[in-house]
Every structure is written in structure tokens, then in C-alpha cells.
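Below is one structure, written out as C-alpha cells; the observations come after it.
Which chain is which? They are A, B, C and D, in the order written, and residues in each are numbered from 1.
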């Protein structure tokens, strides 16, 4: 465990998280939207079309942190940050997955354009991250190699 | 863990509050076969919402490509000790869960 | 680089901190082997195709356990010869279909309690060996077999060697770490021929 | 003087060691983002849950540091317990507490010791919860009682004992430095240098199956892949092997539960 994580856990040890695990279905159902066209797309091109991000411009201001080699494709940690001023949304796509779009994050006033998640990757592929900023779309990619381990039995 | 606990930790970082949330969910792709060779139906979280003191700050749409038992981190500008953070999820079957805690 | 200088220092330090016996393979006597077998008989139970007779040691296992996998020549040779004699070499061409062989080489199934009884399509070859250079995810417990046939040709002698080595590796090196895949009933004659094809066929990816 | 130099060099080598595996970066990131705490939470609930014919919780269970003491308990196992006159690992001891404190039958309590992603087992949840309380404490299994020495010796012999349909011992795969199965590195578990970091991170969340796995499971699944019959849960054989490997890792600060491939 990293020093950082240990400190993190110690610091948060005092926090008694009040768990309010309840059903608030009607409220959420009303608020929720889910982009069927983009998430149902089987190719990156169709997913980008669904997102309205076809002409995204490459940008080094999008930072993708992911391992170069993943020991297992079932869990690939990905951390995305946009340093583009006025970033309102980011999307994470896994190029060779059956459905490439993994997630889209809308950041409202008060949130930083940052997200960390674990994604599944069927095979070695590029991660493609889109950012929306100032009415334009930007893109960055990073390859993650996925390997086979174990006895396979 | 088909149904189980949810966990959240909101901690102050350098100029932001780090919100780490763990969810118990199978995130089925609809392509996996169970022990009897039957396809396990598609079952995954579609929406994740983060609220700060009741106001929405992050709205996420997700797919079955997110790993089982999802773990997300988000960052909220500023954030003071005691601020209320609420995270909720909604899946494709209409099930949902939420968790609330204060910034530590 | 696994044997970098600082690493050796770390290893030395770690070794100093531990009792001298740790890490070494202990000497065992025939009495020890009998005691261990009795413990295993008490602590294990059959499951699926993995029956309790698998606990019993045969002559090869007994010899290798007694001599830390390094038995004297005088004991090893006769046993190797006996193992060799028991290999049922088929007549004629032993080069099977390398495509089927590749599937057998890729699969890690077979002979486990979790497998269906009977022969599965699994030789577990890539778990330990490099074969086709197209498969980067190969183990390193055994030697690389890339280019195996290219280097050795396809003579009847070589076919027989490859077949025999897969059927019963202990016929060539009595304490080899490689399973006796034919002898143990994990692979059948056709599957071993297909693996010979994978190793020797000039068209096989192993020889590209 | 020379010793000091060696120490400095060894310390300097620590980061180099961590860099050794091409997966080091993956393992660091995956651990930071792993759902291990969910299992610890589930374990805490089970520890406190009243169940069995005696309608009792496990809160008075003695894991070697006194009834109900969890801090450092895992790092001190396996060890000899006077009440059973037996060397026990965490899972065997938990089973003992389920049968004695909760009055459950051995058969019922071991009906499902290894779970899966859909339904983890009680042992898995409880192992996660108990192991966490040894975080940062040095691994120090019992080595003084004659039965502890006996278990260690048996474990060491078992580690190298070749048997079964494929003539394997533990050392067939975990006996030589720098080897791997497919792309998985194979730690030499008889060598403290490799046993220490490995044993310090069990039990663990296994990302390939999204399930939480314990050392009893690891022994069981290795024997499955060695083409042997099945070792009985909590048997002397499995405990002896765990005792041997934990003793080989002694002195390492425990830092689990962690993740595995």
C-alpha cells in the first residue's frame, strides 16, 4: 500500500460515514438521462457521432493516467484530468471493446474536470478520452496492453 | 455480491475535496455465461450523480464496460469540513442506491 | 534485469535475517515419504476425476523426492529406460494437424477435479513454453520451443523424439519438471500427434 | 561498517525491487482503486452478527491475542492454541469459533467456504475484516511451541513433495527465480526475499474473478491445478504449508488485504 493511501485511510478513519442506502427511484428516474445512441454504438466512429464529438482536436491538455501493461483486462484503472479551461464534460472510450464508450462525465459548477474509474478491456487497445471545453471537443489517446496470466484452468 | 454495501470517503486534498465511492454491483455485460452455460442478462449502472450540499456537481453516464464493484473518484472544488456529499447510482433495471457523508 | 548488483545486496541481507534452513529443499528419507503420504491420505479427499490414488507415489516420484530431483545415474538410467519402454509409439507418420495442436497447446484444462472426466483439449504447453512467436503470453518454466522443427527437421527419429517427450518426459530425464502428458492420461494419441505437428510442421507458426 | 554499507545499498534497492515487475504500475493503480473495503465492511457485519443455535456473534472469538482482540491477530497466525492443542490458521480458527461460540456444526459452517463474485463466503468477508486489523504489523507466526515447529517442518517438506497425476510440487512452479506461467511472475516462496512481499498481501481481492480470496482457497486451488485430489478445508496439510510460508515471510510488515491478478 502506498504511503498516500495509508495516510488517506488513517485520516478517514475518524469519518463515520452515515450510510443512507435507500430507494429514491422516482426522483432519480426523472433526472437520469442515458445516451443510447452513443453507448449502443459498436464502433468508435459511431460512438463519437452519438456524442457529437466527430471533429475532436488532439490535445496534450488531457491527461490520461493508466498502466502501460495491465495484468488483467477485467479491471484497468484509468484516471482522466482535463487542463483545458472551461471543461464541462469528459468521455472515456475503449477502442476494441464490443461497445467502446465506457463513461461520460458532466462536470457542473463546483466540480473539477477529473474522474477515476476501473474499466474492462477485452484486449490490448487504445483508451480514447474526449473533453468538451469552450464549445469545442478535444481528444487524447493512450495504449494499454492487456496480457494473459495464470494457468488458464 | 449481487446486492450489498456502498461506501464513500470524502477527504480534503490540496484545494479540492476528493470523493471516493465504492459500489457493490455485478456490472454484467450480457455476454458472460453462468456455470450452467446460460447467458447472464445485461445488468449495469447507467447513472452516477454526485451532490454537494444538495446541488448536483457531477453527473455521469456509464456502460457495462465499467468493472464489477465500481470504484469512482471525483474532485470537488474547495469543500469545507462538514459539507454534505451525496452519491447515488441508478442501473438499467431501475434499481438505485445512495450514500451520504460529510467531508472529513 | 533480475541480477542487478543492488538486488544481490538485498537478497544477501534478506538471507542473513532468516534461519539458515529456509529456502533449502529438506533431505527426506523413505520414512518421511511414507509419513507425508499418510498425512495426505488423511487430509485429502477425492473430487471428480481426481481420485485418491493420485496421492500414491510411483517409482519416478519416489526417486526424485528422495534425491531432490538429482538421483545418481545408476538409479536414474534404468528407470528412464523402463519409462521409455512403456511409451506406446504409434506406427507411421507422427506429424498431426498443427492447427489443432495450437489449440491443445493454448488450453490449460485437463485432469483437474474441475474438468469433465475424460480427455480435454488441454496440454498447458504455453503455460511453460514459448512456441509460436505470435503468442507473447507464454511461460518460461520450460525452454523456448520457438523454431523447434526448423532447427531439427522432420525425420522419423525427430518425430519419435517429440512424441515420446510429450507422452512421457521422464523417459528422457527422470526428474524432468514436465508432466507425463500421455502417461498420465491427460492427452490422447491424436492430440500428441497434433502437438508434434505444431512443433515440426514447416507450416506451423512455431517454425516461422 | 561494511554492514552499514550493505544496509544503505539494500534500502536504495527497495524502489528498484518494486520496479522489477512490468506490472508494478498496474498493481499500484489497481490497488488504489480496488473495492477491498466493501469486503471489510461485510466482514465487520458478520463478525458482529448473532447467529447459530447459540445466537451469538464472533466478537469473543480468540484469534491468539485474547478473546475479541483483532489488532495484530492475523499477523501472528498460524499459531498453536492450547484449547484445541492444534496449530491453526485464521480460517481454521474462525471455524472453531463458529462451532464453539455460535454452536454451529462443522458441516454447516464449511458448506460453502469458497464463494464467488456473486456471493462471497463468510470466510472471505471475515478474513478481509480480520486481516485489515494487522495492517502495518510484522508477520510473526508462532515458532516456539513444539507443534508449531512440527507444522513448519511438515509444511517445508510438503512444499517440495512431488506427487499427483502431473508429478508437481509447490516448488515445480515456485522454486526457481525469474520464472513465469504465461505472463504471471512466480515468486519463489521458499525464499524470504520473495515470500515476504507476497505473504504480506494475502488475503486479497482477485481482479480476474472480482472475488475475495483467502490462503485456504489458494492452497486448494494450487492443488487443483497440480492435478491432486482436494485438500480438506482447514486440514493440517494446508495449515502446515501456510505456517511454512508465513514463517518464511516473518518480519515483513503486513499490508493487506491487497489485490491479486
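The rule we apply is simple: a residue touches a chain if its C-beta (ideal position, glycine included) is under 8 Å from a C-beta of that chain, and two chains touch if they have at least 3 such contacts.
This is a predicted model, so every value here is computed, not measured.
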From chain B, the most remote chain by mean C-alpha position: C
Between B-D and C-D, the pair joined by more C-beta contacts: C-D
Euclidean distance of C-alpha centroids - chain B vs chain D, Å: 30
Chain B-chain C separation of Cα centroids, rounded to whole Å: 47
Interchain centroid distance [CA atoms averaged], chain A/chain D, Å: 33
In chain C, residues with contacts to at least two other chains: 112, 114, 127, 136-137
Sequence positions of chain A contacting 2 or more other chains: 74-75, 79, 116-118, 147-153
Sites on chain B at which at least two other chains make contact: 5, 7, 67-68, 70-71, 73
Every chain pair in contact, whichever chains are involved: A-B, A-C, A-D, B-D, C-D
Residues on chain B engaged by chain A in the complex (per definition of touch): 5-11, 16, 29, 31, 46-47, 49-50, 52, 55-68, 70-78, 86, 88, 90, 94-102, 104
Residues on chain A engaged by chain D in the complex (per definition of touch): 1-2, 5-6, 65-72, 74-75, 77, 79, 116-118, 147-153
Contact set on chain D toward chain C in their complex: 6-7, 9-10, 12-14, 16-17, 20, 153-154, 156-158, 160-168, 171-173, 176-183, 186, 188, 190-193, 196, 223-225, 227-232, 235-238, 247-248, 250-251
Complex contacts: residues of chain D adjacent to chain B: 33-35, 37-38, 41-42, 117-120, 207, 210
Complex interface listing, chain C residues touching chain D: 2, 4, 6-7, 9-15, 17-18, 21-26, 28, 32-33, 36-37, 39-40, 42-47, 50-52, 54-55, 57, 60-61, 64-65, 68-69, 111-114, 126-128, 136-141, 170, 177, 179-180, 184-186
